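As written, the chains take the letters A, B, C and D, and residue 1 is the first residue of each chain.
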Amino acid sequence: MARVVVDVMPKPEILDPQGQAVAKALPRLGFQGVTEVRQGKRFELEVDDSVDDETLTKIAADLLANTVIEDFTVRRLDA
Amino acid sequence: MTIDTVKHAEDTPETAQPYRELGLKDDEYQRIREILGRRPTDAELAMYSVMWSEHCSYKSSKVHLSYFGKTTTEQMRSKMLAGIGENAGVVDIGDGWAVTFKVESHNHPSYVEPYQGAATGVGGIVRDIMAMGARPLAVMDSLRFGPADAPDTRRVLPGVVAGVGGYGNCLGLPNIGGEVVFDSTYLGNPLVNALCVGAMRVEDLHLAHASGTGNKIILFGARTGLDGIGGVSVLASDTFSGDETTAGRKKLPSVQVGDPFTEKVLIECCLELFREGIVVGIQDLGGAGLSCATSELASAGDGGMHVNLDRVPLRAKGMTPAEILSSESQERMCAVVKPSDVDAFMQVCAKWDVTATEIGEVTETGRLVITWHDEVVVDVPPRTVAHEGPVYNRPVARPAEQDSLQQPIELPRPSTSDLHDLVLRMAGSHNLSSRSWVTDQYDRYVRGGTVLSQPSDSGMIRIDEESGRGVALSVDCNGRYCKLDPYTGAQLALAEAYRNVAVSGATPVAVTNCLNFGSPEDPGVMWQFEQAVRGLADGCVELGIPVTGGNVSFYNQTGATAILPTPVVGVLGVIDDVRRRIPTGIGAEAGETLLLLGN
Amino acid sequence: MTAKIGVITFPGTLDDQDAGRAAKYAGAEAVPLWHADADLRGVDAVIVPGGFSYGDYLRCGAIARFAPVMGPVIEAAAKGMPILGICNGFQILCEAGLLPGALVRNHELHFVCRDQWLKVENTSTAWSSRYDKGAEILIPLKSGEGGYVAERDTLAALEGEGRVVFRYVGGNPNGSLNDIAGITDARGRVVGLMPHPEHAIDALTGPSDDGLGMFFSAIDALVKA
Amino acid sequence: MARVVVDVMPKPEILDPQGQAVAKALPRLGFQGVTEVRQGKRFELEVDDSVDDETLTKIAADLLANTVIEDFTVRRLDA
C-alpha cells in the first residue's frame, strides 16, 4: 500500500477566479501582506503496490486534472 | 523589449510579417499596406487580422445577409428600435418597454474545453445584451452533439451542460429553454448556441459609439491577461526566446476561463451607471477584445480616438501591445463618458468593487491612435478595421447529391404492431428522450419571473410585475430537414419557433438566428447558406416579423465533412398579461376534447 | 404596524429581489440591507437570501460571513431576532456559526434544480409556525452544494432536540445526512434551509405557494413579540 | 517573500462526494488498485516576510478551511 498525493493547480497564465476571490478577501479581513493566491486541488490516493508511476501519471492526466487549463504533480508519500 | 512602433514600421518596410499565420491572405495583407501607406506594426497587424477574420468581419456571409435588410418592409420594421449591425436587436413591446435578444455560437471553444467554452459563451452573449442598456433577464441554450454514446460526446456533453449551468446559475439568470440534438456530423463539431434576452425602458436604449471630442474612454471589469492569445503569439516569437514570462512565450492555449461572479457584479454596476445617466456609449469586449471594442466604438462615433494602452490593467507580466489588443479576457466592458461624469462613474465602480481605468479619449482626428508609453503603435482609420474589411462573393453551387437526397422513397404502410414498436423506439431514442438530465442542472426560478420553462414549448418571463406584460421565446432547428432542403428547412425552423411561441399565448414579433454551417470555401456549403438565409428571410416576410440580429458560425467541419446545415432560429413573442399564458400539456382535466389543427 | 423584514445583498447575491417580494406578498415591508453597512436599519427580522456570494469559489458562504453587515446580524440573533437563511444564506449562517454543521457538494456532483417535497417537522420556530406538523410542502430546490453534514454528536443533538425543521421526502436530492433540508438554532428563531420558499409564493411563477407560510410565520412571531 | 502552501482536506469522518466519485470512476476507466481517494484543496500563497506563522494559521483556520468539516496544514516552501 502506498499513499499518493496529486496536486492540481491552474496553469500560471490561466485566470484563477477562486484564488482571486481569496486574495481580494484577505485585506478586507485585516490580513495584509499576501500578494498572490492560487487555488487548486489536492487528491490523496491509497494505492496498491502494483500501481506504477506511469499509471499514476495517467490517472492524474486523464481524470484528476484538466490538462488544457491545469498542471499537476504526482508524488508518493513515505509510509 | 523592443516595441514595433509606427515609426519603426516606416523605417523597416521590408520586415517579413507572419500575416498568413494570423489568417490573412496575401491580397488582404497588401490591402492593409495600401490603407496605411506602409507596413502595419505588430499591433496593427494583430488588430486587422482578428477584425478581418470570418468571425468578426462576416466576409463570406455579408453579401447574403444583406438579403434580410432588403426584404424587411417598413411595416415589419415598425416595432424595431435597433436591428442588424448593433450588438443585439431591440423591439418595442409596448407600455414603454423595450426588449433585446440575441443568440450566439461558442462552438469551437466548447469542443476544446467544454466547461469553460460553454460558460464563456453564456458570458459573452449576456454582455452583448448589457451593452444595449438592458438588464439581462433569462438565457436559453441550443446544443448539438455527436452520437450520445460516442466517447467524445461523453467528454463534451457533461462539460458543456455544466458550463452553461455553472455560468448562468451564478449570474442569476433563469434558463428558460433550449434544445439538445444528437447527430454524427456534430461529433467533432458540437454546437453551443446561447441566447440571452433583456429588457429596459425605451428611453434607456444605449448604442455603441464614441462621440463627443474630449469624452473619456473607460475600461472596466476584469484585468487583461493572456486569455485566448493563441495565434497572436507568433508575432513575437521570432524576436524573443521562449521565456514564458515575457513576450515571445510559446504558443498559448486559446482557452478563456470565465468568472461569472465578476460578470454578475459587472451587470449590477452597469445598470447603476445607466440609471445615473452617465454613459454616452458602451461596448462589451467579446471575441476580438480591445481591438474590436476600440475600433468599433471609434468607427461608429463621429471623430477619432486616442488610447493609452499602457494604462490597461494587466494580469500577466510582459504583455506586448499586440497581445493586449488581442486578449480575449472575459468580463470586461468599455464605456464613453463625459469628463464631468468620470468621478461619478468611478464612484459607482468603487461601490461594486469593479476595476475601472481611464484609457483614452475621443478626438477629432478621425483616426484611432494607440500609444504605448508615449510611442505610437497603432494609427489607423477605424472604419477600415471595424467596418470596411474584405467582402467575398464566394462560389455557390448546389451539391450534386442534392437530387438523390430528395428522391422520394416509397415507405410501406406500417402495421399496428410495427407502430407499437416504433413508438417505443422513438420514445427511447436519444433525440426524443427526456431532457431533464440537462434542465435539472439549470436554475429556472431565479428572479421570480419565470412563467414557463421546461417542459413547455416556449420559455416565458414576466417583464412588468404590475401589468403582467411579458415575453415568450423559443429556439428551434431541425438540421436534417435543412440538409434535405435548406430553404424550406430554415422556414420550418422559423415556423416551429413561431408556433411554439404562439401556442403559449404570446404574439410573435421578432426573430434572431445563429447560422451554423461548414466551410464557406466549399461551394456546396455556401449554397446551403444562401438557401437558408433566403428561406428564413422570405418566411419572415410571409409572417410579417423582422430578423433583428444574429450570428454566423462557419468552418464547423471535420475534414471534408460539414455539419448538417443548422440555422438555429429564435422567435420572440409578446404577451400583455402573463397570467393568460397557455401551459403545455393535455389531460389536466377529465373530459378534455383533443383537436388537431392544420393539415 | 407593518413588520419590517430586512433582506441582505452581498456581491453575488441573486435571490434578494425574490425574498423581498415574498416578504411583501406576506404583508411585510421589505428593507434592503447592504453587505458593507454594519447596520440593520431598524428591521424586525432578517433574510439572508440565496445566490453565489463572492462567487462561492472558495467555499459557499465562506467570505460573506465576514461582511460588515454580519456583525449586527449575529448580535440580533443573540437577542432572538427571527433570521432566515435560504440556500446560500443557510451556508452563510453555518459559516458564521449561527447554525451548526456545514453544506458540501451534492452527492452526484451536479447542480440540482427541481421541485422538491419537504416534510415540516418542527412547527414551533419563528419561520414554520403556520404549517401543520407533518405537512408536506412543494418548494424549489436549486443548489450545487446542498448536502448537509455535521459531526455525529451535533447531528444527534439536532435530532434529539427536534431542531430539524424540514426534511426531504420522495428522494434525497443531494446526499444530506438524515435527509435534512433545514434546521433551527436552539431557540427556534434562526432557521436555515436549502430549498427556496421565496420561489413558491405564487403558482404563476413557482410550483406552489407553499413557501408563503414561512413569511407569514415570521410576521406572526413578530406580532406576538 | 515566501511561498506558502495550505492543504485543506475533508475530515476523515466527513462525507467526501468528490473523492468518492473519482474512486468510483477509476475502475470504469480501467485503472485498478486505487482503494481510496479523497479530494481537498491546495492553496499557494505568496506572502511578505512580515507575515508570521501565527497569522498564516489564522488565515487557514478562519478563511481557507471550515474546521467543522475540514483539516488543514500550512507549510512554507523553501525558496
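Points worth noting:
To be clear about the criterion, contacts are C-beta pairs under 8 Å (C-beta built on N, C-alpha and C of every residue); 3 or more make two chains touch, one makes a residue touch a chain.
Keep in mind that what you see is a predicted model, and the values were worked out from it rather than measured.
Comparing chain pairs A-C and C-D, the larger number of C-beta contacts belongs to C-D. Inter-chain spacing, taken between the CA centroids of chain A and chain C, is 33 Å.
Averaged C-alpha coordinates put the centre of chain C at 29 Å from the centre of chain D. Measuring from the averaged C-alpha position of chain B to that of chain D gives a distance of 39 Å. Computed from the mean C-alpha positions, the centre of chain A lies at a distance of 9 Å from the centre of chain D.
Within chain D, contacts with two or more other chains are made by residues 63-64. Shown for chain B are the residues that touch two or more other chains, namely 259, 261-262, 353.
Chain contacts: chain C has residues 54-55, 57-58, 63, 66 touching two or more partner chains. Chain pairs recorded as touching, per the definition above, are A-B, A-C, A-D, B-C, C-D. On the chain C side of its complex with chain A, the touching residues are 54-55, 57-58, 63, 66. Residues of chain A touching chain D in their complex: 1, 7-9, 19, 22, 25-26, 29, 31-48, 50-51, 55, 58-59, 62-64.
Residues 10-17, 20-21, 24, 66, 68-69 of chain A are the ones that touch chain B when the two sit in their complex.
Against chain C, in their complex, chain A makes its touches with residues 17-18, 21-22, 25, 28-29, 39. Note for the complex: chain B touches chain A at residues 112-113, 115-116, 222, 225-227, 244, 249, 252-253, 255-259, 261-262, 315-316, 329-330, 353.
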